[in-house]
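Just below is one structure, and these are the notes that go with it.
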Amino acid sequence: MRQEIIADVKRDHIVNLLNSGKRVDGRAFDEYRELSVEVGINQRAEGSALVKLGKTQVMVGVKLAVGEPFPDMPDSGVLTTNAELIPLASPSFERGPPDEDTVELARVVDRAIRESQCIDMEKLCIKEGELVWIVFIDLHPLDYDGNLFDACTLGAIAALKNAVFPKLEENGRIDYKTKTEEKLPIVDTPVEVTFAKIGGHIVVDPCLEEEEVLDARLTIGYNERGEIVAMQKGGSGTFTQEEILDIVRRGREKAEFLRKHIPG
Amino acid sequence: MKVGEPEEFIIDGRRLDGRRVDELRPLKIEAGVLKRADGSAYVEWGGNKVLAACYGPREIHPRHEANPQRAVLRTYYSMAPFSVYERKRPGPDRRSMEISKVTRQALESVVFTHLYPMTAIDVFIEILQAQAGTRCAGITAASVALADAGIPMKDLVPACAAGKVGGHIVLDLFDIEDNYGEADLPVAIVPRTGEVSLLQMDGNLTQEEFEQAFKLAVKGCMQVYEKQKEALRKRYGGSE
Amino acid sequence: MRQEIIADVKRDHIVNLLNSGKRVDGRAFDEYRELSVEVGINQRAEGSALVKLGKTQVMVGVKLAVGEPFPDMPDSGVLTTNAELIPLASPSFERGPPDEDTVELARVVDRAIRESQCIDMEKLCIKEGELVWIVFIDLHPLDYDGNLFDACTLGAIAALKNAVFPKLEENGRIDYKTKTEEKLPIVDTPVEVTFAKIGGHIVVDPCLEEEEVLDARLTIGYNERGEIVAMQKGGSGTFTQEEILDIVRRGREKAEFLRKHIPG
Amino acid sequence: MKVGEPEEFIIDGRRLDGRRVDELRPLKIEAGVLKRADGSAYVEWGGNKVLAACYGPREIHPRHEANPQRAVLRTYYSMAPFSVYERKRPGPDRRSMEISKVTRQALESVVFTHLYPMTAIDVFIEILQAQAGTRCAGITAASVALADAGIPMKDLVPACAAGKVGGHIVLDLFDIEDNYGEADLPVAIVPRTGEVSLLQMDGNLTQEEFEQAFKLAVKGCMQVYEKQKEALRKRYGGSE
Amino acid sequence: MRQEIIADVKRDHIVNLLNSGKRVDGRAFDEYRELSVEVGINQRAEGSALVKLGKTQVMVGVKLAVGEPFPDMPDSGVLTTNAELIPLASPSFERGPPDEDTVELARVVDRAIRESQCIDMEKLCIKEGELVWIVFIDLHPLDYDGNLFDACTLGAIAALKNAVFPKLEENGRIDYKTKTEEKLPIVDTPVEVTFAKIGGHIVVDPCLEEEEVLDARLTIGYNERGEIVAMQKGGSGTFTQEEILDIVRRGREKAEFLRKHIPG
Amino acid sequence: MKVGEPEEFIIDGRRLDGRRVDELRPLKIEAGVLKRADGSAYVEWGGNKVLAACYGPREIHPRHEANPQRAVLRTYYSMAPFSVYERKRPGPDRRSMEISKVTRQALESVVFTHLYPMTAIDVFIEILQAQAGTRCAGITAASVALADAGIPMKDLVPACAAGKVGGHIVLDLFDIEDNYGEADLPVAIVPRTGEVSLLQMDGNLTQEEFEQAFKLAVKGCMQVYEKQKEALRKRYGGSE
């Protein structure tokens, strides 16, 4: 029960601050934490990125392999997005098969990548119905201090833009040690923007302390044209309809802000 | 173009299954259909057939999941192997895990969990036959099953999707529209306050299209809400 | 310990009733509960059935797929029977991989279907040694009030008789949305009959309250000619040899009774 | 006809391995063959080689499985990877799970479990080499291992199968008969009362054939029983 | 806490004995327990061995199958070594997926077999890049009384030397019931020798009581020429550098001793 | 000869990556790189990039693993999916399980676990990029992370491998040498006493070669030790 009481005290503190217009780490309500995106930081991956969003650190690796296409998409490559919440990154992450938070993270990031059609999947077809490129995106948080959705989506699109094809040998096997000059066909730059609702206030980019006490969360994916390509509400609380319409409008500008941090 | 994609989705103002753009599929809800569960509901919604059962408040296992301040609400969405065209292998997959989570979060705000500290309230949703929109059908059935189990709740939670197909904003997508359409936007609300407890989207919508689809989905939820209340009235009599 | 005492009290009550010739739900010792079998209740399955036996409800779906035959049976289709005891159906069913009760149920139902040779497996051969039909029978109890063996076997054979082939395309893939007129080749109608021994009394079709206190259980599968095709003793108690011979003789007539409820 | 199926099973009154229809395969039982186990037995029965070990009564893990009125008997049947022609992948499969269950139910009625509340009595059966009839060999070994561990029991539990091959009712099928024959009927009994604690069947038997096979299997059990007692006498001396 | 105290008392007893030059079971410090190796004891395996080292009993089976080679070794067979610590063999072994002790045992035995190149893997190639023999070594302790490393390695090489090929049919399937006369191509006889350090004393072939209290363990694999092919230090304690050099020198002679017990 | 095997490993006294036989790859160690962990370290060692984090002493789950006399040290070695050329499937494999075990045993002797009975000290090692020698890099990082977490220790534990390639004994193999060389001998030591807490080998070494390689590896460990101390000095100032 002590843990519950501590949580209540923390929440009161954060809500009191918000009531007087302040966030727990001093930011404005619509302000992201300090953000950096480095790419090409992993020589084993075909593409890679390290995102630092405040103290949150996420590494993303893009690996390419070849395999059969899905039968209903014979001329299209395959995209697979995977997340691992390794216990190195947080005392709240546990070993074992992916839990629902891990799965949700992977699927919400995947949604923005997939639905924005940012990868030209038909260019990944090697031989129709037989052999296509498979794109693995591995989301790998290293230090979890809140808002993995936005950090991982940024890392994913940055790593995709960084990725080059390895050499495909005639026997259909890949020579991973020989990289070509050819880049993955990336035609859009989706990003995700997350807002949290805490005690009636709406803030962007929740840090861990805010995530721990939030009522509800809304993540929105935008493509380059500002269209909405993915949404995910979280948390056991609710939003009013007006709040949702407002957040969706405001998020677009935040998306522009995030997109500027992607190299290349 | 994907294999099997239709050339048009709306012909002479009618969708491929004959509905208008703002029309729900036929919806039938029945409460109290199982003996063993504490509460249950069966939903037929277009080609969806969904069963929900509620057990609880009951002892919680494993014990360390108990919360001294409130009941723990647990929701499990699952698809029967024969609920889809290609047999689904038994056991939870990633999609089911995500839906179980958003379903729980859609329902948590209405259940008076603080009345039952140290217990579990378990809701099981079984998709027996699927034709798109199963998460909305599941949430709709689940809140009726909770009510049927006598769990005190602020309100029922109806859910309904809107989306975009062939350039049109439509209500309550069926499978062809879901597979080949441009966007799907499932929504759940708490009708008495109008607040939103579930919101997901995948596809592509402009700002304006989103607003239109969102409002349409909320309207759909209100129609679903009427059916939910009707089912409970039918089971328990009274005017609710 | 309280649970154990309650169980003892329940058992005493049921045995006392049996001693005076009565069952807990008022049936005769050799009487089945009310029974109905509906077929064709699922449009995604190739064949389906919903069995209601008293308050026990079981849905069975038959799905067809194609694949390679077993190497020692190159001209024969493949049969796979699976059960799931989903926690929706009973407070005693738990999530997770199949436990021994689930596995036993699937295997005992499978035994009657397989050993009665009710499916003409050679008719399921598409190309010898290469491609055959695979028949999946999924047993799916929805409300567990006792005697799943008999209800599931009934559902299985009813769903098999209800099943039609989907269209097989030339590339070896199945178009599930197009069903043909051709029915699965079903040549026998096996059923299973379960007796329980409680305090020295033998009753047919145990309901849940009886199952919870029984000493021993005997399930017998019969084909259309009344031959025995499967047996399974359960429970930690024993039967006398005479009891077994007597049950096996009496079961045959019960099998006829059950078989009458199968549509088509 | 399956690949490898023999044309005849009985030639001049002899089965393909030279036995008469009512003859057991050679059976050898040894008690107390392991150091670490509390009780153990080794059974060679035709081409079957089976080891059984009993641990207990001992502390039970996980704790919530404990029963305040009696010991919990747990039995595990398992096949070594090299016990069959095609290497078996390690770990329990569905067949092993079923056999573990019926083995436990075959033994439970003879063990005085009420003497050891809150404990576990664990019996592990390992099939080292298989030639059909391993569940009967396992039950036979298990009850000797229980006795060797000093667990109080009403009786030993011998097991033996009968079946039908090429139209004949025969005792104790070996692998060719099991694979290609018409029926297999494993039985376990409690010899002092003659009661039946295991009974399974798959195949096809008329009423009359069943009765004939059942009685033959019971007779086989009694022969096995003699070997069990002999093994214990050999280990502990005395006349049992 | 009681268990901890008992362990301390046991350890004191064993160390006191060692201080006065004695081992708990009366052996000399450099003496193995009684050892026997029987081969051909399993008719389902292509090769088999039963090793008894004191009261420790280990059965090892070698099974052969066919499959594809690894892409980087197209003309080479495949070796797979697996251990199972079945709960029948010890009260400390638990059911479930392989734990780290099981995995270590399998890998350390595998190391000696693989690195000594005792199997001529190129002779296991049936058709380059397509079909090769796969050798499964299954280590199966039956009674665990200490020093599984040495017993299992002995069993593995004895079973390999005992193994004959089954008949390979023209269709690429194996007729396991028909064994050929041809033996597996075994060209070396590696063995492993294990030393334990207990209270500053070094002893060979620790029995279970010694294993339970040892500070550190060193296992060394030697080929026929006395070269070192595998090493594994275990235990949470340390060795001095001198101890290691000394053990490695002394182990060679013990390896000769063990090798003499391998039939054939 | 394996696909990709080089004809010579040492040309004009230089290895294929330009090093001398007794030369380490470039090694960089940084302590305290993570916010959430109680202690952490990042190691770049040639083409290896390794992160280690220490949590503890902390409550232990599951409880029955607690030891009333000392803390339980738990170590987990894991490879990121993108750390190797062919994507590694997530989750522990057999190799990782073995390395986790020997890593724990390499560190246990230096940690004063008796100061924290009933607790866990957890060390997680994540290989972000691999170029052979990751277990040594992991142990090296882990002991710095333990120190960074303020866990009292007798000493740091540096680790380094030696091996044999193309007939030469060399220090600190990189991937080509590891894949195609004749032997690999990873060693970890406790520098203050010179004692050895990790020793593994696979390949082929004569007695003399072993002694030479072993001594070379120990020397390598001492160089690694200097880098470890430097990293901690850099983080905490002082002269260590």
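The letters A, B, C, D, E and F name the chains in turn, as written, and every chain counts its residues from 1.
The criterion applied here is as follows: a contact is a pair of C-beta atoms (placed from the backbone, for glycine too) under 8 Å apart; a residue touches a chain by one contact, two chains touch by 3 or more.
Predicted, not measured: the structure shown is a model, and the values here were computed from it.
J.: Count of steps on the shortest touching-chain route from chain A to chain E?
T.: The least step count works out to 2.
J.: By that same contact rule, can you tell me which chains touch chain B and chain C alike?
T.: Chains in contact with chain B as well as chain C: not a single one.
J.: Spelling it out: a chain qualifies if it touches chain A and also touches chain F; which chains qualify?
T.: Of all the chains present, none is in contact with both chain A and chain F.
J.: Based on mean C-alpha positions, I'd like to know which chain lies farthest from chain A.
T.: So the chain farthest away from chain A turns out to be D.
J.: Specify the chain most distant from chain E by Cα centroid.
T.: B
J.: Report the inter-chain centroid distance for chain B and chain F in whole angstrom, where each centroid is the mean of the CA atoms.
T.: So the centroids are 51 Å from each other.
J.: Mind checking the centre-to-centre distance between chain D and chain E? Centres are C-alpha means, answer in whole Å.
T.: Result: the chain centres lie 32 Å from each other.
J.: Approximately how many whole Å separate the CA-defined centres of chain E and chain F?
T.: 26
J.: What is the distance, in whole Å, between the centres of chain C and chain E, each centre taken as the mean of its C-alpha atoms?
T.: Centre separation, chain C to chain E: 48 Å.
J.: Can you tell me which residues of chain B touch two or more of the remaining chains?
T.: none
J.: Provide the list of chain A residues touching at least two other chains, using ranges where the numbers run on.
T.: Correct list: 71.
J.: Could you classify the connectivity of these chains, where an edge means two chains touch, as line, ring, star, complete or other?
T.: If you draw each chain as a dot and join those that touch, you get a single closed ring.
J.: Output the ring sequence of chains, start chain D, direction chain E.
T.: D, E, F, A, B, C
J.: So in the complex, the part of chain A that touches chain B is made up of which residues?
T.: Going by the criterion above, the answer is residues 1, 4, 71-74, 98-101, 103-104, 106-107, 111, 114-116, 218, 223, 226-241, 244-245, 248-249, 252.
J.: Per the contact definition, I'd like the list of chain B residues that touch chain A in the complex.
T.: Residues in contact with chain A: 2-4, 67-69, 94-95, 97-98, 100-102, 104-105, 108-109, 185, 190, 193-207, 210-211, 214-215, 218.
J.: Which residues of chain A touch chain F in the complex?
T.: Listed in rising order, the residues of chain A that touch chain F are 42-45, 48, 55, 57, 59, 61-63, 65, 82, 84, 86-91, 95, 97, 136, 138, 140, 142-145, 176-177.
J.: Please give the residue numbers of chain D that touch chain E in the complex, ascending.
T.: Touch residues, chain D against chain E: 34-37, 47, 49, 51-53, 55, 58, 76, 78, 80-87, 90-91, 122, 124-126, 128-130.
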